[in-house]
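All chains are identified by letter, namely A, B, C, D and E, in their written order; residue positions are counted from 1 within each chain.
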Amino acid sequence: MEIIYSAAPLYAVLVSLVAIIPIYLSRSNPNLRESWTILAAVAKFFIVLSMVPTVLGGKEIYFKLATAYPGIDIAFKVDSLGLFFALTASFLWILTSFYSIGYVRALKEHAQTRYFICFAGSLSVTMGAAFSANLFTMYIFYEALTLFTYPLIAHEENEEAFRGARIYLIYLLGTSIAFLLPAILFTYFTAGTMDFRLGGIFGDTGGIHSLFFAVIFAFYIAGIAKAGIMPFHSWLPNAMVAPTPVSSLLHAVAVVKMGVFVVLRVILYVFGVDLLKEIGAGAFLAAFACVTIVVSSLIAMRQDNIKARLAYSTISQLSYIVVGAALLSPSGIKASIMHITIHAFSKISLFFWAGAVYVALHKKYISQISGIAKKMPVSMAVFTIGALSLIGIPPLSGFISKYYFVTGAVEAGMLPVAVVFAVSSFLNALYFLPIIYTAYMKPLDAGMDDKVTEAPLAMLIPMCVTAGVAVLLFFFPQVLTNFTDIIVAGLFAE
Amino acid sequence: MIDFIAAKYNYLICVCLMMIGFYAVIAKQNLMKKIIGLSIFQTSVFLFYISMAKVTDGTAPIVWEGAVRYDNPLPHVLILTAIVVSVSTTAVAIALMINIYKAYGTIEDSKIREIEAGESGGSVSR
Amino acid sequence: MKNDVILRTVARCMVPFILLFAFYVQAHGEISPGGGFQAGVIFASAFILIALAVGKEKAREKFKQKISDFTCSLGLMIYAGIGFITILFGGLFLEYGKLPFGSAEKGNHLGMIGIELGVGIAVASVMVTIFFEIARKEDD
Amino acid sequence: MINLMLLLFLVVIAIAAIQAKDLLNSIMYLSVYSLFMALVWTELNAVDVAFTEAAVGAGVSGVFMIAALTRMNRFESSRERTGLGKYFPMAVVAVTAAMLFYATVDMPAYMDPEAPIHKHVAPYYIEHSEHETGSVNIVTSVLASYRGFDTLGETSVVFTAAISVILLLRRRDKNEK
Amino acid sequence: MNLAVNFPALLVTVPLIFVPVIPLLGLINRKICWYAAVLAITASFAMIMTILAKVSTEGPISYHLGNWAPPIGIEYRIDMLNAFVLAVISFISLVSLLFGKELVEKEVPEYKHPAFYSVFILFVVGMTGMTVTGDLFNVYVFLEITSLSGYALIATSKKRYAPMASFNYLVIGTLAATFIVLGIGYLYMVTGTLNMADLAERIKPLNGSSVVLTAYALILMGILIKMAVFPLHLWLPDAYTYSPSAVSAAMAATSTKVGAYVLIRLMFSVFDIEYHVGSVPITGIIIFFASLSIVMGSVIAIAQTNIKKMLAYSSVGQIGYILLAAAMVNAEALTGGVMHIFSHALMKGGLFFVVGLIVYNIGSERISDFAGIGRRMPFTAAAFTIFSLSIIGIPLTVGFVSKWYLVLGAISSGHWYAIGVILLSSLLTAIYFGKVIFVMYFKGGHDDHGHAPAAKLSEPMGMVIPMAFVAFLCIYFGIFATFPVELAAKAAEAVLGGVTWK
């Protein structure tokens, strides 16, 4: 693999971090402040985009920032998996920025400067995690994301928000310190390195009992609570007290996706398929995640709060990604990587819709939105597209990943998993369709006629774009497969 | 047993003296008694040092004609230093005690605790 | 006590002898028991005796606060200063042998007298200072 | 034998010192304790130390304590500790004493000229002190020359005490604003 | 005359000569006392850095005071470990002095300044003296200088309980020092020497002697009291809480570390490690107490409502790390421990200063009164946050670096439960610091735009700059940790290798 030394990943990380300064300085002028955010978002996206040709050309970009301790570097490496994740996140940041502006202004939120600062910071560390060259660097950004998002969740500054934020912090910091850090330390101790390598870094494992690796692996999975695998999932519904743009970007994309991204890194780049097959951890993880898929879908059905239902849906969808990787088969891995993007676009559409509903109606519950489709046709169309995509109905992108998931399960010879996918699709339908039904079929509540309008344009346009991408990806899946093929080829090259 | 005591009675009595002082420091509530206890404790430790400097037939470590053997001068030196340290500590302790008395009107540990506890949980008094 | 004539007179008579004894102890530290520290304490006790007999204010007049503060510092400075001087003469810290008094033995001897003097001055003034600070009444 | 008598007497005085309810008595006992300690040390040929202890322990520090006591209540008035608190100090002291007695087992016998301390370092002082430093009193020569730095430390400690006491007790000069 | 040769002695004695000079200068002009103090510590710091550079390239330095060869005279022996500790102490003292100027002016009456700075220098002199010396009794003498000046410094506070806090410390501290001197006496009794290197040689044949064992126990007990390890920590919370903030900062950052240094030195350089591993499981006992200290310190800290008490208990916990590192006896852990001496000094010193400034401004030490500080004192609150994150052990801060090596050491020596203790305590630390940060930023009123409605509180430049500097160092050495880690590793190697001392 050819390696190119370039500071581009560093710039990608720094651009939004640096943007914090002008954002803070222009805090008294909201228009100027927001332009900085947009500028940073666009700049970041283009920096990330500029690395695509290199990576698709089969090369990797490497940049060493510093030697933290003897033998341990803080370094960035751009490979296809990281770039894929970064691309998704940075593109969605642009949309979310516009959407945020509409949202906070419509609701006249307080502490807007802090809001935008933390947003920019969160994106920086997300990039950092995506481009990390080793476990150490990744752990740093993993922790930093928790800290940056905490003020966003506590944004409302009321009891409920503080409670949710506290639970968030305890879960994420607790698990990462209690499990992830020891796991990393043991990895370093055993492997002597922390640099990611496709196919695993443990090398020759002769003499070490496989139980040891199983325990470390379990520590990793327990430590990465951001991936929302049960029983470490309950921070996510609690974090839904955050403003909707936060929930949409962070809890559909940045935070949770960083979780599954780290899981993928660990599975593919730390342990490697062969080692996991040898110790049988894949099947075990798959079983765990399957339980999560089904259980959280069942819980989702019982939620009346829109965002809570979406949160449980997210938990279930995240486990798809984990299951896909845990299958350890080419198609499964392909599917799980693709699903990062596909789920991101679909789910963010749903959250955007929830925010639009809140801005327009100040309603949070499904039972309160009867008949709004007539008044908010565009928003509801967006919702419908997102929901159907997640259920997996063609011609929407969700179908593609589902297809690969099932193929992967068959390849791996784990038919029960395929059944779970099928059942779960059915459950998805069960919890999404009632919303659509309520909105379209039920009559509008009395007295709502005059008040209800569409959300502001700044919100509407990003919604349409995300929904549009969710559709387009079905027709141009090669956008995704270009990246996944490189990884799969590298993994299963004989 | 008797031999043991006979051979080392000095050290054993030192230990007794130390423990008397030590007991006073931790058991007495009166601050002056604590200082006195400390003095006793420290002085007994000094006694221990001086005891080990002694040798049979030894004379004071001042050079003179006809000395068979001198006692070990080094512990004496150390203890000279230590006595000074001890008196310095006592002086500082007394100074502190005076300040305590100015602040509370008593030098009984238990009473000071009571006064402190009475005052809004011992918060800051500026 | 201040009003007791006998006590006052006896104290006054004793003080010169105590001071003399202090100087003796100071000067003969090398050949007999004693030295700077003991001399300093004895010197201080003479002052304390005066203070007890004739009153603190009067005693303080004989040894003013500013002067005792200065001599406190002076004692320590003499000691440390001798250390620096030995360095100036090319020795290590407190290597009296290098002092320019002819032989190493002589240098050692005189160096020791010098530092004993420092100790004596320091201890005497320190004890006096501590006594006056501790014995000060609230209204002083 | 006189040594043993003095030592036993010391024990009695020490107990008296910590048990007296009148603090002035207690301080006097402490001074007597120091004085007898000085006697013991003279008996043990530690004349320099005895001299110092007599001047400091029996003299100056007693004066300091009494001077302080004139400013405060003369009698000890603490209530007895109750419950476990009463036995706790006893227990601590007992454990420490047991440890120290245990240590005594392997100690060289008292006055044994073959003990390690008389074989290492100290002989050098005894042999060389006079011609190296010109001082007959070995204690002084060790104090001022061989271990002169300790004595510098000691002088610093004394100075620390003085400056600390000044810091703690001295009031603003009246003739200053 | 080669002055550089005399640096080991001068680094102690140059500040020492300033001690009597400062009160005299105070008679002329009280303002210059501070400058003189800064000059003294700076001179000492410069010499220490020269020595550090020399030791790291040329190996240990031995300096014979009065040119009497050890064990006849007193020896100063500097290897990487004490050079590193010296540099830390001196540096932190210097920063404390620079940082503390404003606080001292606020908290100590002006006429006391000459004496205050004089005692402060004595405090530093005592610590450097303890660290640099290779003679056991000299350790005791300088320990007493440190302690006495420490007692006086604590009691300079105007708070009512301050003299009592100081008195309790004095009693406990003197007991500890007397135990240490008794232990030294025991060691001297059976070996006839006070020089550490010599002692290490002569103590070897005495394996199993009850005298040596008791001496070890006595000295250990004394040092553990001085280090304030749970349950011997009782003096510390009051002492830190009731002293002036500048003093708590300097003490918290340095004095317990020196105790830790002496302990490490004794454990590794004087007593043979195998000696006590063999006969009595002393390391096991120490690890137990260290763990207890780590956990209990953090647990009690959570319950505190007074910020300085909370920091004090946090110190009890943090000192446990250093002890733990020493007791695990391997290179990585010891590197972590030495590193923690450095990082904890930075963090805790910084925290006490920040808190001192806040407390001075709002006039309360209760955590619940810190509401709105995030907006009213933005720089201070930011600095507090950085220090807190560092002490929790968030990556990219120095606090993380030391914990990292500590855990690596625990893994390589197989002390599994120590790993659990370290991680658990990180969580607990996160809880109690999180609480404070939460109150500072999220409590207290805000308007629609979130811009400070309440009046800004004073943040004098003279404090913000050192504060920012220390915070910057916390981050800088968290990212570019190679330099301190390599020094710490060399220090660990120096004591573990034992080549230089035995």
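As a working rule, contacts are C-beta pairs under 8 Å (C-beta built on N, C-alpha and C of every residue); 3 or more make two chains touch, one makes a residue touch a chain.
These numbers were taken from a predicted model, which means no experiment stands behind them.
Within the contact network of the assembly, the step distance from chain A to chain E comes to 1.
Steps from chain B to chain C, minimised over paths through touching chains, total 1. Note: the chain lying farthest from chain D is A, by mean C-alpha position.
At the centre of the protein atoms shown, by the Cα-centroid criterion, sits E.
Summarising the inter-chain layout, the chain whose CA centre lies farthest from the centre of chain C is A.
Contact tally for B-E versus C-E: the pair with more C-beta pairs in contact is B-E. Averaging C-alpha coordinates per chain places the centre of chain C 36 Å away from that of chain E.
Averaged C-alpha coordinates put the centre of chain B at 5 Å from the centre of chain D. For the pair chain C and chain D, the distance between C-alpha centroids works out to 21 Å.
Chain geometry summary: the mean Cα position of chain D and that of chain E are 30 Å apart. Multi-chain contact residues, meaning those touching two or more other chains, occur in chain B at positions 18, 22, 52, 60, 62, 74-75, 78, 80-81, 84-85, 88-89, 91-92, 94-99.
Those residues of chain C in touch with two or more other chains are numbered 31-33, 37, 69, 72-73, 75-76, 80, 83, 93-94, 96, 123, 130, 133-134, 138. Across the assembly, chain D contributes 47-48, 52, 56, 60, 64, 68, 71, 100, 104-105, 107-108, 115, 117-118, 121-122, 125, 136-137, 139, 143, 145, 147-154, 156-166, 168-170 as residues in contact with two or more other chains. In this structure, the chains touch in the following pairs: A-E, B-C, B-D, B-E, C-D, C-E, D-E.
Those residues of chain E that touch chain B in the shared complex are 137, 140-141, 144, 148, 151-152, 155, 158-161, 163-164, 166-167, 170-171, 174-175, 178, 181-182, 185, 188-189, 194, 306, 359, 363-366.
Across the complex, chain E is touched by residues 18, 22, 25, 31, 34, 38, 41-42, 45, 48-49, 52, 74-75, 78, 81-82, 85, 88-89, 92-93, 96-97, 99-100, 103-104, 112, 116, 122-126 of chain B. Those residues of chain D that touch chain C in the complex are listed here as 47-48, 50-52, 55-56, 59-60, 63-64, 67-68, 70-71, 131-137, 139-141, 143-145, 148-149, 151-152, 154-156, 158-159, 161-163, 165-166, 169-171.
Interface of chain B with chain C (complex): residues 60, 62, 80, 84, 91, 94-95, 98, 102. Residues 13, 16, 19-20, 23, 65-66, 68, 71-74, 109, 111-112, 115-116, 118-119, 122, 125, 129, 135, 137-138, 141-142, 144-145, 148-149, 151-152, 155-156, 163, 186, 188-194, 202, 209-211, 213-215, 217-218 of chain E touch chain D in their complex.
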